[in-house]
Structures are given as structure tokens and as C-alpha cells.
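Both complexes below contain subunit A, partnered by subunit B and then by subunit C.
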Partner chain A sequence: METAKRLYPATLDRKAREEIFGWVLILPALVIILSLILYPIFYNIYLSFFNVNLDGVNTYIGLDNYKGVVFDSFFWNSVVTTFLYVVFTTIGTTFMGLIVALAMNKTFPLRWLVRSLILLPYVAPVISVVFAWQFIFDPVNGIFMDITFNKLHLFANRFNLIGSPKAAVWVAILFSIWKNFPFSYLMILSRLQAIDKNLFEAAEIDGAGTWQKFKAITFPELYFVMGAIVLLRIIWNFNKFEEVFLLTKNVKVLSVYTYFKAFTGTMELGQGAAIAVIQFSLLISFILIYVKKVLKW
Partner chain B sequence: MKKIIITFMCVLLLLPVAGVFANGAQEAKATGPVSFDFWTTETQSDRMATIQVLIDTFTALNPDVTINLVAVDENDMAANVQTAAAAGTLPGMFEAGAETAVAFGADNILDTDAATRIIKGIGEDKYYAGTLKLLETSNKGTYYALPYHGWIQGIWYRTDWFKEAGLKPPATWEDTLKAAKYFYKPDENQYGILVGTKAEGYTEQCFTPIAMSNEASLFDKDGKLIFNSPNMKEAVEYYADLAKYNPPGPQTWRARDYYLQGKLAMFYYSTYIMDDLALQDVAAGSLTGKNFENLKGSSFDPDLVKNTGFAPIMTKKQPAGFGVVVALGLFKQKDPAVTAAAEKFINYLYTQNAYITFLHMAPGGMNPVLKSIATNPLFQNDPKGIFKHYGPEKMAEIIQGLNSIETFSIVGGKRIEAASQISAKQIIPQMMYKITQEGMDVDKAMDWANSEMEKITNN
Partner chain C sequence: MVKKKSLLRSAGFTVFILFIVFFVLFPFIQMLSMSLKYQWDWGNPSLIPRKINLEAYKELLNIDQAEKNLPDSIKNLLKNTPDLTKAQKNKIIARYKDTGSVFPFFEYFKNSFILAFTAAAFSGIIAIFGAYSFSRMQYRGRSTIQRSVLFVYMFGGIILLIPLYRIFVRLGFLSTPTGTFLTLIVIYMVQTLPVSLYMLGNYFRTIPYSIEEAAMIEGLGRFSIIVKIIVPLSLAAIMTVFIYSFMIAWNEYLFASIFLKGFKNLYTLPMGLMALFTSKNAIWDRIMAASMLTAIPVIALFMVVQKNLTSGLSEGGVKE
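Let's turn to the complex of A and B:
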């Protein structure tokens, strides 16, 4: 009590002092969030209304940047690519994570080893696995072409899967699923282990089969953890840059497209800012709907 | 407990304030020790190690100066510099291609006074005139940056294959296309030629001599954009034709490994390839024989250097070659002490021992721009023995080629900065990628490139 008296005026009651203390605790986090997250967001929104010059002289041009973006067919191509990428990677990682988690929940010899090995793609540095994938799919020296074309004669000619503008998006999706499914697996597995065994025993006594047990017990128990995983994966992959950019520069998802627009070629920073604002709004609206409808918050 | 938490919070909150004061104290001492960044496009670790040795030697002699070496990929240099300029964090000095340096000069971020001062100090007549010309501003006798070393590029080809097939060396449009077609055997994992098709600088390096040999340029003498011309279209179409005989997919210079593995008949490359061709240990990194023993041409071919020819000049309507002079430049600084220190360091880099150490990082690839160094016996006696391998005449020919480099940005002796900006923004490589990889129609792609170029010229 002595300490409290010295720090707060005696006129404040206990509740007010608790509130002040609460603010003191929050303050460092608040300062960091304001300066490192909110300030760049607002500055980016501000820039999106300007013709941004690198010499620091910006001219206000109203909605011209937004018009430029919306009437650009490359932008819409990139929206479609992003949509494809997010939908397939989210379904892929969640589904794969679920299957592997269900399998790893069974007991078998050396399970501890397999469980740890599964995490490898997730913990390996992106750049090293990207190089490995590029080497695998190299059209001239890669093992993929050596097996499918040389040995199995599955294709009529050699081709560059990662380099091809059409195929690259599918390679990027496959890569993302392979790299990120261990996260879903880990989350789902920990939830699986927490399900009360009595529920399954009761179901068995009632004569439920494997599928019925999954439908009536496992899935409802996993619903919210999977809902959260899907939400996180959508947020992460909607903004995903490094995995896609390092693997192949041909897949112009929104973040990669924004980079090219803002920092290469004729460097249209204002339009880059406008795309980022559009991307941000799309994501926020989606999250709000998702949280209300699926997670039922 | 509460007391501890509150004290901790207060310390945490005061830390950034303390940091500000600490910075202020440092700035006040700026007249004493000086520190600056040196951005280089020599990203390979062994080259960075050599440059670091030079820096260490210099800073040992000048203990007040600290130089931080930062490697920047040549394709990212322009973008990184422009964002640093916007953020007010430009490095003290850089090493990059002359076109890139001129583009920075056009953006008015270079200290041309300092660059000119160093060149005059060394003596303009000591340089090969052609290399200086590439960095001269519109005002005669002033320079954007300093030429430091350079290379020339051309088609390297398998003389033994050409001889056996009875084909002429790839020195004209017709002969090159004919050979590319002839040697293109994808079923055998063998390809006709390597030209750049990725949206990277290498693509423009391959395309420039082809366009120039067809008398196609970006600008006329009056600085008017004339990109969309019949000559240019012919060159673009020819290039797209050549690219059909490339290894599959978008390609860049890294695919030169296929040549070392005996899977390519011709490839566009700079004289940097000379040590890979001649020396087994240098080439070893490019080979995959250990991993894929049954793949064709998987081991080092000691006869490759004998069986490789070099065609630096391409001819259609006129002969044309290509090369790049790499420049050292200084960015404008608020603190004159940084400029002074960078100037001193650049002068040091031109001293005999430092210069030769630098050039010996890549004999053949890095050629001197000072006449006295080119003829210096120390320079000609490189540790890897490349000079002995190729003979002094071949090396003299390369240096001579360096002295007569032509670029899109000098038309009839006049400097056109916009051409360097177009080059720095990689508009031509992006266009080539659209045509060769995305299957875009040549006219449509050229219209796109033209409109991007107009954005620069109208600015």
C-alpha cells in the first residue's frame, strides 16, 4: 500500500488506479503497434491519393491511382491468381494437415520420429527449400524431367514447370501446401489428443463405425480449431510474398504484383499503395464476415 | 512486485528516448570518425571477400574511416537506390554498370563534381577514352561516375560442332539462326542457343547488339523516342525466333552451365566465362556429374576451352558488339566528410596493387580502364593463369573491344539519359518475357514497351 500511495494521488479510488495500471501495462505494446503498424497503414492510404515521386515532391491526384489500378487488366489477373492461390493452398494445407494428424494419432512403432520429421518442411528456411525445388524442376538437369521424360516417357518433350507462366501457379500452390501443412497438422493433432477418450468408447458401445465416430465426435471437436487454422492460413497466404517470389517470379499474386508495380520498371509507388489499400480492404471485409459466420464470435 | 513492474515499465519507456540522445551525440562527432556504405554488384562471396580485404587494408591506413560493404544484385540495384534516395539513406558509394550509373545521374542523386575531380586527378588521358565517354554528362569534361573495369559480350560457341556440321561461326543473323536450328535437339537434351528471356538485365544485354546490328535504336540524334520502328520490330522478331532454340522456359545467364555440360551449342555471355572454360576447379561448381552420372556431358571437358570460339560482333545491316563498363560512383551526401572519405577510398582503389588485386578476382571478366594497368606485367600475370591460357593478343583484343562499346544511350556522340533510365527500368526485358514466355503478340508487346518508355520521356 505504501508503494501505491506514492505512485497515485490519494484521491483516486482502487478502480481508477487499476485502470491506470492497465494502461501502463498496455502502453509499450500500444506504442509499437501505433508506430510500426498503424502509422505505415495510414501513410500508405495517404500515399494512394498522390502521384509519388522519389525526390519527395508528391502531387495530389485524387482517385486517379485507384482508377489506374481498377482499369488495368493485369491487376484483375493478379486478383484471380491470388484467389486461386489462397483457395487451393488453404484447402490443401488444412486437408493434408487433417489426414496426417489423424494418421499420427494412431499408435505405431517410431511414431515420435515420424511426427518430428513431418515438421521439417515447415521449419526449413524458405530459401534453401526453394533452391531445392528449382533444382528438382530444372528442365535440363532436374530429377523431375529425368524421371518423367527420360525414364518413364510420360511427356512428349521437356518443359520448365516452374518457369511456365501457366503451370507456375500450380507449382507455387503445391509448394505452399507441402511447406505449410505441418502447421495445420500440429494444431489439429494437439486438439485430437485432447478429445475425451470416453466419448469414443461410448460411441463404440452404441455401435458407431469409424466414419460415424469421425462425423459425430472428431469433426465437431475439431471444428473451431480448423476454423481458426483456415482463417490464419487465408490471412497469411493472401499476403504471402517470399515463398511465391523466391520460387518463381511468374506467379503474380497481389503482393508480388504490388512489388513489381511499386518497385520495378517505371516504379508507380502511388498505384502500388492503392493496390495495397484494396488488398487490405478485401482481406478485412473477408475476415469480418468469416469471424461472424464461421467462428460465430 | 508492483514496484518492480513499474520500474521496469519506466525503464522500457525511457529506452527509446535514451537512444535519440545517443544518436544525437554520435552526429555531433561527425567530423571525427566517418562511416559509409559501399554497395557493390559483386555479390559472389569470394569477390566480396577480396573487396573486404581491400577495405580492411584501406581502413588500417585510415583508422578514422569505416566502410560497410553491402552486396546488391545488379537487377535490384536501381530499385534499391531509388527507395534509399526517397528514404534519405543513400550509401556513400556504389559499383554498378555504367548505364545504371548514368540513370542515377539523370535522377540528380550523384555527386558528379567529386567523380570529375577524381578522374581529373588521375588524368583523363590515362583512361581508355571510350570507357570515359560512356560516363560523360551532357557537359563535356564532367562525369557522372568513374569507369573502373569492364567486359565485352558475344556468342561463345562449340567450334568442333560447327566444323563437323560445316556451319559458319555465329557472326551474322542468318548464320546464327541457322546454327541454332541445326543444333536444337531437345530429344537429346541438347539446345541450339542461350539468349535471355527472363525479365532481367541479361536479356537486354543479349538483345542490344542484335538491335544495333539492324540499325535499330531507342532514340534519334534529337532525343526523340523512335523505339516503334520497322527495324526494331525486325530485331525483336528475330530475337524471339532465336529464343525458340533456347532450353525450355524463361532463361537467364545461369543457364550457361548447360554449355559447360555439353548441352548447348552457343550462348551469349561476357568474358567472365573465360575462367570457367579454362579451369576445372572453377567450373566444378557448375557441374552435376556426381549427382547424375548417366546424364549426357556430365563431367568437365578439358578440351572445351580449345573447342570454344568467341564471336563478339553481330552483323546484319552493320556490325555491332556489346559490353559493359562497370563504374564507381558517389551519391550526394549531406555530410561532406563521407564524400571526402569515399573519394579517398576510390583513389586508393585506382592504385596499382589495389586495382590489380580487384581485377584478378575475375581475369578476362574484369578488364582495366587505365592504359598503364593493361600493359602492366603484374596484371598480365594473374594467379589463375588465364592470361597465359588465352595469350596476350586475345586479352588485348578484349580490352580493345571495351574501348569501343556502343550503347543505346549515346547517339551520334550525344548523351541521352532517358535511354539509360529505360535500361535501368528493364522495359525491354519485360517486353521480351511477354513475347517469348507469355506468347504476347510482337506488336502488342512493343506498344506496351513504347507506352512505358513514353512515361519516362514525358516525365
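Let's turn to the complex of A and C:
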């Protein structure tokens, strides 16, 4: 009772009460996000300077974890793989999303059905579609080998495309494009539908062709949406784990590399933490450049 | 001449649409087709099985498995002992009925469902109040909170995995099944919370403020306004957010694979599927059937909320 009085004295005006209540409502969400996202991130940075033992004793080793990571050629391989993966999946999903959105913005029979079918790869669980993809590229029974080797005779013998790291990264990229282009498509389509139709009519009166209309009207209208999509895609794919790891263990992007380092074999949690810190710094610097140069914020 | 050109164009357009549909659906068709094929049919590149094989589904869903699993000795025993009552016979059969040792689909399904449902429900409830707070109320620090919620998008699972694993091991939560299960619920809740906050916040802003003002004049407080007015008005959006969170939790593998490692009876469907794939029981029809059964609930849920979800997603990502 006393506390209630102190919290809500009769003199407390509506504005102040509103302020307190606003904080009360957001507090649970805030506490959870602070304690389970923000705190762990700082804790991760802390751990990266320690030799982390599973029995609970951490010993401070300065920059040794970072040295261990930076002088490991596997780490640099996985940096290269990650960049390859991020660049091509981002270009692929955005480009494919754009083309499909442009097509779906036209009217044709059964459009409603096609529009909802397109979203299926995006909503289906990763774990349930990876096996179908693995089967497609299966060296013995897969349809890819059947077409390229048996029917078209492109290769001298059957081989396991997902089995070799060099080739598997391209399968992983293709898979990611297939899985994620619907998201880009959806964003672009909803922006397309918001463009004022009068603009096109005016351009037609001026004698503009399809390409000119796209260049002068559609593309400028889409520029910022696409900029945002590319940004989100870079962030998400840079951190991507499941879509790569579940499809093939041979493509070691940074997340997968960290996973193996930290949770298999000798469980180098400290080194894993160091990689995660490096990965995050790379992402941040990349984003800062991107936001400045492309989005011009 | 002009007509011919436009005819060619529309034909090209149709081919393009068909190509997209084919590209999108092919892996799903492949999955369905393989789940229905007999082993001798695997090498056949055609997507239509020569003979439909429902064995994999029956096995996973535990249909008609009793007779098949009975060892011959038991079959003989049942046949040659006429004085057994029907109840006794059924009891004996029931002991062999369970095919759970290969892939206990229902158990994994149950685990996945409880995890995803609880996490999505809590995340939804917390998000309703949080989103209302920062989309409708005026106070200092509001926009900072709103922006930092978006900032959370930047952190991938892997940077949180190591510290969270460490924290929960230290707290001793990961040594018991119950603790592990609760930990995962909390983690899934956190992962879906930012998205839920964001989507609900966007929706609440579309509700006309005059409705709330009228309610305030009637003497309703903020809390009653949320419960009696905002929630009923945004049921569709709340449902959408709930299902979106449910899907995220249902599909999660990274945290489950580390936290649930030691507790086989807590495995979620993704964990179970991966374990099946790497086990000696891995055969294509079984894996594909299990994949189908994992995907179907999610796809069905998606169909329910498709319209709201697609507009919710595009409003969440496109800020103007």
C-alpha cells in the first residue's frame, strides 16, 4: 500500500503515470533481450580472451585465441567461402526476386495459385527440404547425374557434387537462392504494387518502351527497397548456419567453422568465441561501408 | 506482324512462369516421389513411382505395424495356444506394436510441438504489451528501445550459442531433462521476440487512436484498453505473429543440436531427422517420408495465415 502510494501519489500527473506504465509494459521484453542477447554478446567477447574449460575454470590467455585463429589457414579458407557464399546468394536472391516480382505483377490465369506456391520454399523447414536436394545431386540415383551423365554425356563419370568442398559451395548457393528468393520477391512485389499507375501512362504517352519505363520509373522506385533487402540478406547470410550445415558438411562458412571448432573434438570454446567476435566485426564494418555507399544514409 | 510478336511474347512469358513454378516445386515433388518409391525403383529417374509404396509412412505413423514386427516364435505361440483370451493376445501383440525404435515420429512431434507452442505463446504475450508500449505510449527512451530491437536482427545464432551454452551449463540447467527443455523454450522465445515486437508494433499503429480515446473517456485504464480493445481488434495479427514464431521454433536446429545432445527422448523433429539420416536406418523412402511429415504441419499453418503473414512480412521489412 505504501509503495503504491509512493509510485502513484495523487499529485502525480497523467503524463508521469503514462511514462511509468510505458516502461512497465516494455520491461519484460527488455529484460529478456538484455539478459539473453546483449549480456551473452559481451560475455562472448570476454570468453574470447580465455582458455575456456568445460569444468568451469577459465584461464586468461590474452590474445592467444585470436592468434590461434588468425594463423590457421582453415580460418582464412572459411572467410573466403563465406564471402563467396554471401556475394552470390545475395545477388542471386535479389535478382531472382526482382524478375519473379515483375512477372507476378502482370495479370495471368491462376496467378493467385502461382503466387502462393512461390512462397513454399521459404516457409518449409530447412531440415525437410535438404534431403530432397541431397537426393537430386546423389551420385547413384540422383536426377542431376542422370541428366548430365546418362543423357547429355557431359561428364566422363558419375561423381558426388555435394561431396567435394569446391563444388558443394555452389550447390549451397543454389539452395540458398531457391530457399530465400521468395522473401525478396515478396518485398519487391509489395513495393511494385504501390507505384502510381499514372506514371506509366504518362511515360507511354511520351512514347517510352518497356525497358525505358523500367529504367526511368520502376527501378528508381525500387532502389531503396532493394537496398534494404540486400542489407538484410547480407546480414542473414553472413550468419547463416542451418541452410549450409544441414545440406552439406563440406562447405565451411564461418558459422559452420565456429560450430566445429567449439563443439566437436576438443571443444575449443574460447577460440570459437574469438571467431564469433571476428565474424561480427567483419559484418559490422561491411555494413557500415554499405550503408554509407549504397543507401547513402 | 505486331500480333505475331505479341503472341511470341506471351508464349515466352508462359514458359517463364512455368519454369519458375517448376524450379520452386521440383524439390518438393522429388521428396514426395521418393517417399512413395520402393527401393528397386530408386534408380528410375521418373518422378512417378512404378508402384506406390506406403510402407515408410505406415512405419512412421505406426499403422498396421503389429503383425509385421511379431517374431515368428510369438506368431506360433499365438496360433498354437487356443486357450489365450482375446485380451491376452492383444496385450502380447501390443508389446511389439511400437516401431518407435527407428524413428519415434510422434514423440519428436510432441517435443517439437510443446517447445514451439510454449515459446511462441510466451513471446506473443510479452510482445503484445511491449509493442503496445512503444507504438502507442509517450515516454523518454522509447525510440531508443525501438531502434535497439531492430539492432538485434544483426546477431546470428552462432555468436549467442557459445556464451549461452556456457551460461546455462554453469547454472546447471543442462544437466537435467526438464532444465534443458525449459532453457530451450526460453531461448526460442528470445529469438522470436524481436520479430514479434516489430510486427505487432506495426500493426497496432494502424488501429485508429480515436477508439482508445473513446474508451479512456469511458474510464478504462491502459491495461483494460489493451486487453479489451487492442487484443480483440488485432486477433488476426496476433495469430500471424504467433504462427510465425511457432514456425521459427519448429524449424530450429542449431541450439537444439547442442543443448539436446544428451537427451534422446527430448529430440525435436529436426534433431530426430538428422539423427535418422546419419544412422544405419537411413533409407531414402523413410527419410523422405519423415521430411514430408515434418514439413506438412508448417505448410498447413502457413496456408491458414498466408494473407496476413505476407503483408506482415513486407511491412516488417520495408520501412518508408
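Definition applied: the second predicted complex is superposed on the first by the 271 of 297 C-alpha atoms of A that agree within 3 Å, B and C clash if a C-alpha of one lies under 4 Å from a C-alpha of the other, contacts with A are read in each partner's own complex, and residues count from 1 in each chain.
Following the convention adopted for this analysis, a contact is a pair of C-beta atoms (placed from the backbone, for glycine too) under 8 Å apart; a residue touches a chain by one contact, two chains touch by 3 or more.
Keep in mind that this is a model prediction, so the values were computed, not measured.
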{"item": "Combined model on subunit A where subunit B meets subunit C, clash or fit", "value": "clash"}
{"item": "Which of subunit B and subunit C A:273 touches, first, second, both or neither", "value": "second"}
{"item": "First, second, both or neither for A:28, with subunit B first and subunit C second", "value": "both"}
{"item": "Partner chain in contact with A:159 - subunit B first, subunit C second, else both or neither", "value": "first"}
{"item": "First (subunit B), second (subunit C), both or neither touched by A:62", "value": "neither"}
{"item": "Partner chain(s) touched by A:249 [first = subunit B, second = subunit C, both, neither]", "value": "first"}
{"item": "Partner contacting more residues of subunit A (subunit B vs subunit C)", "value": "C"}
{"item": "Touching partner for A:47 - first (subunit B), second (subunit C), both, neither", "value": "second"}
{"item": "Partner chain(s) touched by A:139 [first = subunit B, second = subunit C, both, neither]", "value": "first"}
{"item": "Subunit B versus subunit C as contact partner of A:264, first or second or both or neither", "value": "first"}
{"item": "Touched partner set for A:207, first subunit B, second subunit C, both or neither", "value": "neither"}
{"item": "Region of subunit C that runs into subunit B when the structures are aligned on their shared chain, from 2-10, 218-226 or 236-244", "value": "218-226"}
{"item": "Subunit B and subunit C footprints on subunit A, overlapping residues", "value": "21, 25, 28, 54, 56, 140-141, 143, 146, 263"}
{"item": "Touch list for subunit C against partner subunit A, complex", "value": "13-14, 16-17, 20-21, 23-28, 30-31, 34, 42-43, 45, 126-127, 129-130, 132-134, 137-142, 145, 148-149, 152-167, 169-170, 186-187, 189-190, 193-194, 197, 222, 247, 250-251, 253-254, 258, 269-270, 273-274, 277, 284, 287-288, 291-292, 294-295, 298-299, 302-303, 306, 310-311, 313-314, 317-320"}
{"item": "Subunit B - residues contacting subunit A, complex", "value": "2-3, 5-6, 9, 12-13, 79, 82-83, 85-86, 107-108, 186-187, 189, 191, 198-199, 247-250, 255, 257-258, 261, 263, 288, 292, 295, 425-427, 430, 437-438, 452, 455-456"}
{"item": "Subunit B-facing residues of subunit A, complex", "value": "3-4, 7, 21, 24-25, 27-28, 54-56, 139-141, 143, 146, 157-160, 162-165, 249-250, 263-267"}
{"item": "Complex contact set, residues of subunit A against subunit C", "value": "15, 18-19, 21-23, 25-26, 28-30, 32-33, 36-37, 40-41, 43-44, 47, 52, 54, 56, 100, 103, 106, 108, 114, 116-121, 123-129, 131-133, 135-136, 140-141, 143, 146-147, 178, 182-183, 186-187, 189-191, 224-225, 228-229, 232, 235-236, 238-242, 245-246, 254-255, 258-259, 262-263, 269, 272-273, 276-277, 279-280, 283-284, 287"}
